[in-house]
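One chain, chain A, links the two complexes that follow: it is found with chain B in the first and with chain C in the second.
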Partner chain A sequence: MSTETVSGALKRARNGVGVSGSGRAPGGTKKRGKAVKFTGTFLAFALPSVVLLLLLNFYPVIYAGWQSLHFGDLVNAGPFVWFQNYASVLTSAQFWTAALFTLVFTVVGVFGSWAVGLGLALLLRTRIPLNGMWKVLLLLPWVVPTVVSATSWNWLVATPQSPLPVLAHALGFGNVLFLADPTLARVTVCIFKVWISFPFMMMMMSSALASVDTNVYEASRVDGANAWQTFTRITLPMVSRTTYVSWILMTIFCVNDFPTIFLLTAGGPSNATQTLVVQAYSSVFQNNQVGPGVATAFLMTIVLVIVSVVLYRQIQKVNIE
Partner chain B sequence: MTAETANIRLAGVPTKRRRLGEQGERGKWWRLLAIFVITLIMIIPIIAVFVLSVTPSQNSTATGFTLENFAHVFTQTEVVYWLENSLLIAAVTVVVCIIVASPAGYVLSRGRNKWVSSYALILFVVQSLPVVTAVIPLFILFSNLGLVDNLGGVMIIYVGATMSVAIWMMAAYFDSIPISLEEAAWIDGASVFGSFSRVVLRNSLPGILSTAIFAFLLAWNEYLVALVFLRSDVNYTLTVGLNTFFQQNAADWGSVMAVSVVMMAPPIIIFSVLNKYFSVGGIGGSLAGR
Partner chain C sequence: MTQQSGAAFTRRAFIGAAGGIAATTLLAACTRTGGSTGGGNASGGVLKFWNMPWGTPAFLTEDKKIIAGFKKGGFTASYQQIQWANFTTQFATGASSNTGPAVSSGGGTTSVLYAHDGKIQYMDDLINGAWTTNGLKDDFLPGMLDALKTTEGTTGVPYNLDVRPAWYNKKLFTQYGLQIPTTWDEYKTVCATLKTKGIYGFGVGSGAGNNIGFHAITGFMINNGGGWFDSNQKPAADTAANEEALDFVLELVRQGYSDPASSTYTNQNVYTQWQNHKIAYGIDTAGMAANVTGAVSSEVAVADPLTSPSGNKGFLYFPNPMMMWNNTPSKTANQDLITYYYQNMAPLWTQKTGIGLPPLKSIANDPTVSGDPNNQKIIQDWVTPGIFKTWGAPGNSGVFFNVANTVDGTQPTYTFAQQVLTPSNRQTAKQMLTAFQTTLEGLMK
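Presenting the complex of A and B:
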C-alpha cells in the first residue's frame, strides 16, 4: 500500500535526488545547492502554511500558557494568580491518578498493538490463501470511525444484557460488569485501544518486513538457527527502525487520545479511566474550571514538545548512521 | 476464491516470497485457520453494526431482514443534516489542506537549508501536541469572531490539524520525483511555480490521493473539536450526531446502528476503492522510510 510505495520510491530516489529538510539523504549534499536561489518563491510557497500554523497552533499554545496563569472562565480571563493553578493541579490526587492511567494506557496501547500487529504481519508474510483479503479486513478497525466502534463496543459490553456479559455469565463468571467496575473498565479501555491501533502496527511492520532481504534467512537456516533465534537476532534488528518510529508515533497517539476513552466510559466509573486529556476537557467544559484544566493541558504540551524534539533528533541520528 | 486459484496466484509470487512459506502444506492450512479465526474475532464489532442495522427493532412487526431502521433515521432524525455537514466539512478540509500542503511540502522536499529543516521539525512537534490545548483558546477566539456553532470554524481547525502531517506526506512523495524533470523545465524557461504546477504536481497524483484520504479520514472521524464547537442539532457532524443519538436512544439499537452504518460507509467505500493509496498513520511511512 502507499506506505510501502512511498518508502520504496524514497529509497530509489535517495541516490538520484538530494533530499533535504525532512529527509536527510545519506551523502546527499553533493547534488544540493541548485534550489537554494529560489528563496523568494519558496517563501511564498510556505507562507499559507506558516500563517495557519501561527494562527491555529502557536497562538493557542501561547494563549493557553497565559491563561494557565489566570483564574478565570471561558468568558473572562480572571485575575492573574501566578502558578496557583499548577500548584493546585500538581497537588491533587486526581491529577496523579489520571497521569498514572495515561501511562498505563499508553504502555499497553503501544506494546499491545505492536505485539498483535507484528504477529499478524509475520503470519501474513507466510503463504496463506487469500492473503490480501485478510489484510484488508484486518485494517477495518483502523478505518471505521472511533465513534462507530465505540458505539458497537458499548453494545458488546456495556449493560448486563450485552453479549459479552451474557457469555461470561453463561461460562460461570457471574455478573461481569465491564464498564462499571473500575479495574475491569480500565482493562476494557486498554483492550479497545489495542483493537483500534493494531492495524496501524500491522501495516507499519508489514512494510518493514517486506523490505527485509530474505537471503539472510537462508543464511541463518544454513547456520542452524532455530525459529526463535532467527526472530530475535535477525527479524527484530532488521525492522528496528520502523519499530522505533511506530512506537514513537503510537505513544503520541495514545497520550493525545480523547475519543477512545471519552466515548466508551467518559472517564468513569468514578474517574477510573480518566486520562490527562479527558481530565483537561472535563475540567474546562464540564466543571468550568478553566485555569486548572488549561494548566493540565499546558503541562502535557510542554512534556510532549520536549519528548518529540528529542525523539525526532534521535530518528534523524539513526537515519544518518 | 477457491484454494486452487489461490495456489496459482501464489505460484506467481517472486521466489523470495515463496521460500518463506516452505513450512509445508499442512502448516498452510493451520495458518489459514488461525488467520480466519483472528480476523473473525477482530471484525465482530463491525459485523455487529451491519447485522443490527438491518434487524427489526423490538416494537416492529417486521421479521428478518429489514430496512425500516434506515427509513426511520432518515425521516425522523437530523441524520441527513449531519451527513451533509460531515461531507461538506470533509470535502472543504481535503481541498484546502491539499492546496496549502502541496507547495509547503515542495519546499520541504526541495529546499535545503537550516530554515527548512527547522520547519520540518516544527511540523513534527505540532502534530504531536494535544488538540485539547488548542481547543480552549480557539474557542474563546472563535466565539468573538462568531465562528462557534459554525461549520466554517470547524473547517479552519481541521485544516490546521491535518496540515502538518499532510505537508510531510506531500514532501515524502515529492522526494520520489527526480529533480531532473524540473531542471529540464527550468532550462526551457519555466519558473519555479510553473515547473511545480505543471511538472511536479502533474506527476504526484498518488501522493495527493494518499494525503487526501488521510485528511478526509481525520475530518470525518474527528470528535473533540466538533463536540466543543458545534452547538445546535442541525450543525452537528455525524460524529457528534451519532453519539448524541446513541445517548438518547440507547435501547433502540436498530436505529443507532443504522446511523453508524451511514457514518462508516464513506470511509469503507473510499478504503475499498482506493486502498492502494491508503497510507496508515500518514507521517509514519514518511518517517520510517527515510
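Presenting the complex of A and C:
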C-alpha cells in the first residue's frame, strides 16, 4: 500500500468510511438493509426492558413528586397543597436537627471508615502471619446482616449490666449510658457505622493499593523519602481515584442508612440520633403524613445528587491530571 | 484507555447509585390512590383472609386449619400471613391497589383508619342481624363492640385484647416483705423499698420498636381519669388529671425508681432486666410471663389495678380488630366468613397458641384459658370491671381516625416517652403536656 493510499484510507476512516472502499462496494445496499433490519430487531428486543426500566425508575419518582405536593395518607393522596410540604419541612426545627446529625453521621461514617479501611489495607499489604484469615475476619462486619450486628451492639451497650457499661464502670467512668444519653448515643451510632463500613473501604483501598507499581516506592526510597512522605506524596495520590469513588458510594450509603439508626436507637433518645431517612420513614409510616415525608426524601436526594456531582468532578479532575 | 474505562465505571456507578437512591428513598411513594368498589355478590370464589402472627408458630397452624374449613355459598377462603414488620405497608398497598384482603385482622386502629378511606365494610347489619340471632353479639365481653364504632358505623369487632396490666415479681416481693400495691402512694412506697435493694419498681422502656413506655404513661393518665382526647375527639393533653398523672410518673423516674437507661430499652432489654432481677414491678402485655424466659417466667404475676388519688382505676388496652373489606367478591360471603371464624376460633386460645386475651365470654370462661392464673386475674380484675380504656379516653369509649395519626405508634409518642423516662430531663409536667398538645394538634387531619 503506497503512502498516498494509506493517507487516503485514514482520511476515509475519519470520515466514517471503511478503509476497504467508499462504502459503495457491490452489494452495499443489501448489506445496509441487513444492518437496518438487525438494528430494528435489536431495538424490538431491547424495548420491553427499556420501557420496564423507565417505568421502574421514573414512575415512582414522578409519583413521589406528585405526592409531595399533596397532603394525604398512604391510601388517599389528599388535597393539592403546592409546595407547602416543602415549606413546612424546611421551617421545622426537627428537620434541621436531623439534617445536622445526618451530616455528622455521614462525615464520620465516610472518613472514619475510610481511615480505618485504608489503615488496615496498608497493614495487610505487609507480611503479617495468617494474612488471608485476617482479611476474611475483617470482612465480617460488612458481611453480617445489619440486623444481627445491631442486635449484638444492643447487647453490648444497652443496659447498665451489658459488657461495655460494666467495663466502663470498672475503669472508673461511672454509670455510662451508651444509648440513653443523647451525646453518647450519637457517638455510639457513629462508631457503629464506622465499624460496619470499614471492611468495604478496606476492600476498595486494598484493590487500589494492589494496582500501584512497587517500582514507584523503590524509586522514592532511593530518593530518600521517609514513610510519611511516601504515604502523602505517593500512596494517597495513586489511590485518589478509588478514594473519591469510595467516598461517593459511602456518602450515599450513610445518608440512606436506615437500619443502623432504626434498629439501634430508632432515632432516640429524644430525636438525638434521628437522621433524615429515619425522619422521612417516621413521617410516612408512623405519623401517616406522606406529603411531608416524601418532601423530606426529595430534599435529601437533591443534596445527595449535588454532593455526588461535586465528588464526581473531583474524579474527572484526577483523570485529567 | 484506562481513564476512559475508569470514567465510564464511575459514571455508571453514579447513575446506578442515583437510581438506587430514588428507588430506596421514594419507596414510600409506590402506592396509588384509587377508589375501592368491589362488593358484588358473586355466586362463588375465593375470599382472601389476611392475619398476622399473633402468637407462637402453633398459632399459624391452628389459624390455617380454621380458614381451610370455611365453605359456604360456593366460597372458600385463602390464607395469607402478614408479618408485623411490614404490616402497615402491606395493608396500605393492598388497600390502595385493591389487591388486599376480603377479611383480615389488624392493629388497634387499622379498621378506623381504612374506614375513613372508604375501604371497610361496616359490621352493624351483621351484628344486629345474624349475630343477635346466633348469640355471638351477647358472647362479647362488656363494652367490646363499642370499641371500634365510629359515627359512621362499626368498623370491626375485637379479635384479641391487647391489654397493659401491671406485673410484679412474687419471689422478690416475698423476699423483701412487700405487699402488692393498690394505690399510687403504696406503689411509691414499694418503689422506694425496691430502690434500696438496687431494684427498679417502674419497669418500662421506650427504645426501638418498644412503645410500652408511652402506653404506661397514658395508662397512668387514664388511671387518674385523664387521657388524650375530649368527647369531640379533639386532643386534650393539657388537663389537670393528666398533669397530676405525669407528675406522678416523673417523680417515679426522678426518684430513681426506673432504670436510667430505660428510655432506649427495647422490649427485649426490659425482659432481660426482669430476668436479671433488676425490675420487680412494671407495665407490660398480657403475655409477659411467656416473654421472660427461665425461672423468672414462673416468678412474675399480674398485680392489682392501682387506684389513683382521684379514686379512679383504669389503664390502656387495644381492641385489635377483625374486619371486613369492601374489596371483596361478595359482601355476604364476607359476613359468612367472619361469622364462621368467630364461631370456630376457640382453638387459638384453648390450644395455647400465644394470642392475646379472647374477646368472647365463652372462650374466656373455657377452663384452659381461665385456668391460667394470670389470664384469670386480668379478665376478673382488669377486663370485666371495665376499667380498661382505649386511646380515645377520657372522652370516647372507642378509637377513631385521628387516633391513628396522633398517638398510636407515631414518632412524637416515642419522643415524649423518652423525655419522660430521662431522669436528667427537668421540664415540668405542665410544660411537657403543653408542648405535646401542640404536637398532637399538628398531627390531626
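Methods note: the second predicted complex is superposed on the first by the 252 of 321 C-alpha atoms of A that agree within 3 Å, B and C clash if a C-alpha of one lies under 4 Å from a C-alpha of the other, contacts with A are read in each partner's own complex, and residues count from 1 in each chain.
In this section, contacts are C-beta pairs under 8 Å (C-beta built on N, C-alpha and C of every residue); 3 or more make two chains touch, one makes a residue touch a chain.
All values derive from a computational prediction rather than experimental measurement.
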Tell me the contact category for A:Leu124 with respect to chain B and chain C: first, second, both or neither.
first
Check the residue A:Ser49 against both partner chains and state whether it touches chain B (first), chain C (second), both, or neither.
first
Who does A:Gln286 touch here: chain B (first), chain C (second), both, or neither?
second
Which of chain B and chain C A:Asn57 touches, first, second, both or neither:
both
Touching A:Tyr312 in the superposition: chain B (first), chain C (second), both, neither?
both
Using the superposition on chain A described above, determine whether A:Leu184 touches chain B (first), chain C (second), both, or neither.
neither
State whether chain B or chain C is in contact with more residues of chain A in the superposed arrangement.
B
Just checking: does A:Trp195 make contact with chain B only, chain C only, both, or neither of them? Give me first, second, both or neither.
first
Mind working out whether A:Ala225 is in touch with chain B, chain C, both or neither, as first, second, both or neither?
neither
In the superposed arrangement, does A:Val81 touch chain B (first), chain C (second), both or neither?
neither
Please report the chain A residues shared by its interface with chain B and its interface with chain C.
56-57, 60-61, 63-64, 67, 74, 154, 241, 245, 249, 252, 256, 262-263, 277, 280-281, 284-285, 290, 293-294, 297-298, 300-301, 304-305, 308, 312, 315, 319
Write out the stretch or stretches of chain B touching chain A in their complex.
1, 3, 6-7, 10, 16-21, 23, 28, 31-32, 34-35, 38-39, 42-46, 48-49, 52, 99-101, 103-104, 106-113, 116-117, 119-141, 143, 156-157, 159-161, 163-164, 167-169, 171-173, 175-180, 183, 191-193, 196, 206-207, 210, 217, 220-221, 223-224, 228, 238-239, 242-243, 246, 253, 256-257, 260, 263-264, 267-268, 271-272, 275-281, 283-290
Given the complex, residues on chain C that touch chain A span 3, 6-7, 9-11, 13-14, 17-33, 88-89, 92, 95-96, 113-114, 117, 119, 206-209, 259-266, 268-269, 272-273, 276, 278, 404-405, 409-412, 414-415, 418-419, 422, 443, 445
Counting only contacts in the complex, chain A reaches chain B at residues 1-13, 16-24, 31-36, 38, 41-42, 44-46, 48-49, 52-53, 55-57, 59-61, 63-64, 67, 74, 120, 123-131, 134, 136-156, 195, 198-200, 203-204, 207-208, 214-215, 217-218, 241-242, 245-246, 249, 252, 255-256, 258-259, 262-263, 277, 280-281, 284-285, 290, 293-294, 297-298, 300-301, 304-305, 307-309, 312, 315, 319
Would you mind writing out the residues of chain A in touch with chain C in their complex?
56-57, 60-61, 63-64, 67, 72-77, 154, 158-161, 175, 177, 179-180, 185, 241, 245, 248-249, 252, 256, 262-271, 277, 279-290, 293-294, 297-298, 300-301, 304-305, 308, 312, 315-316, 319
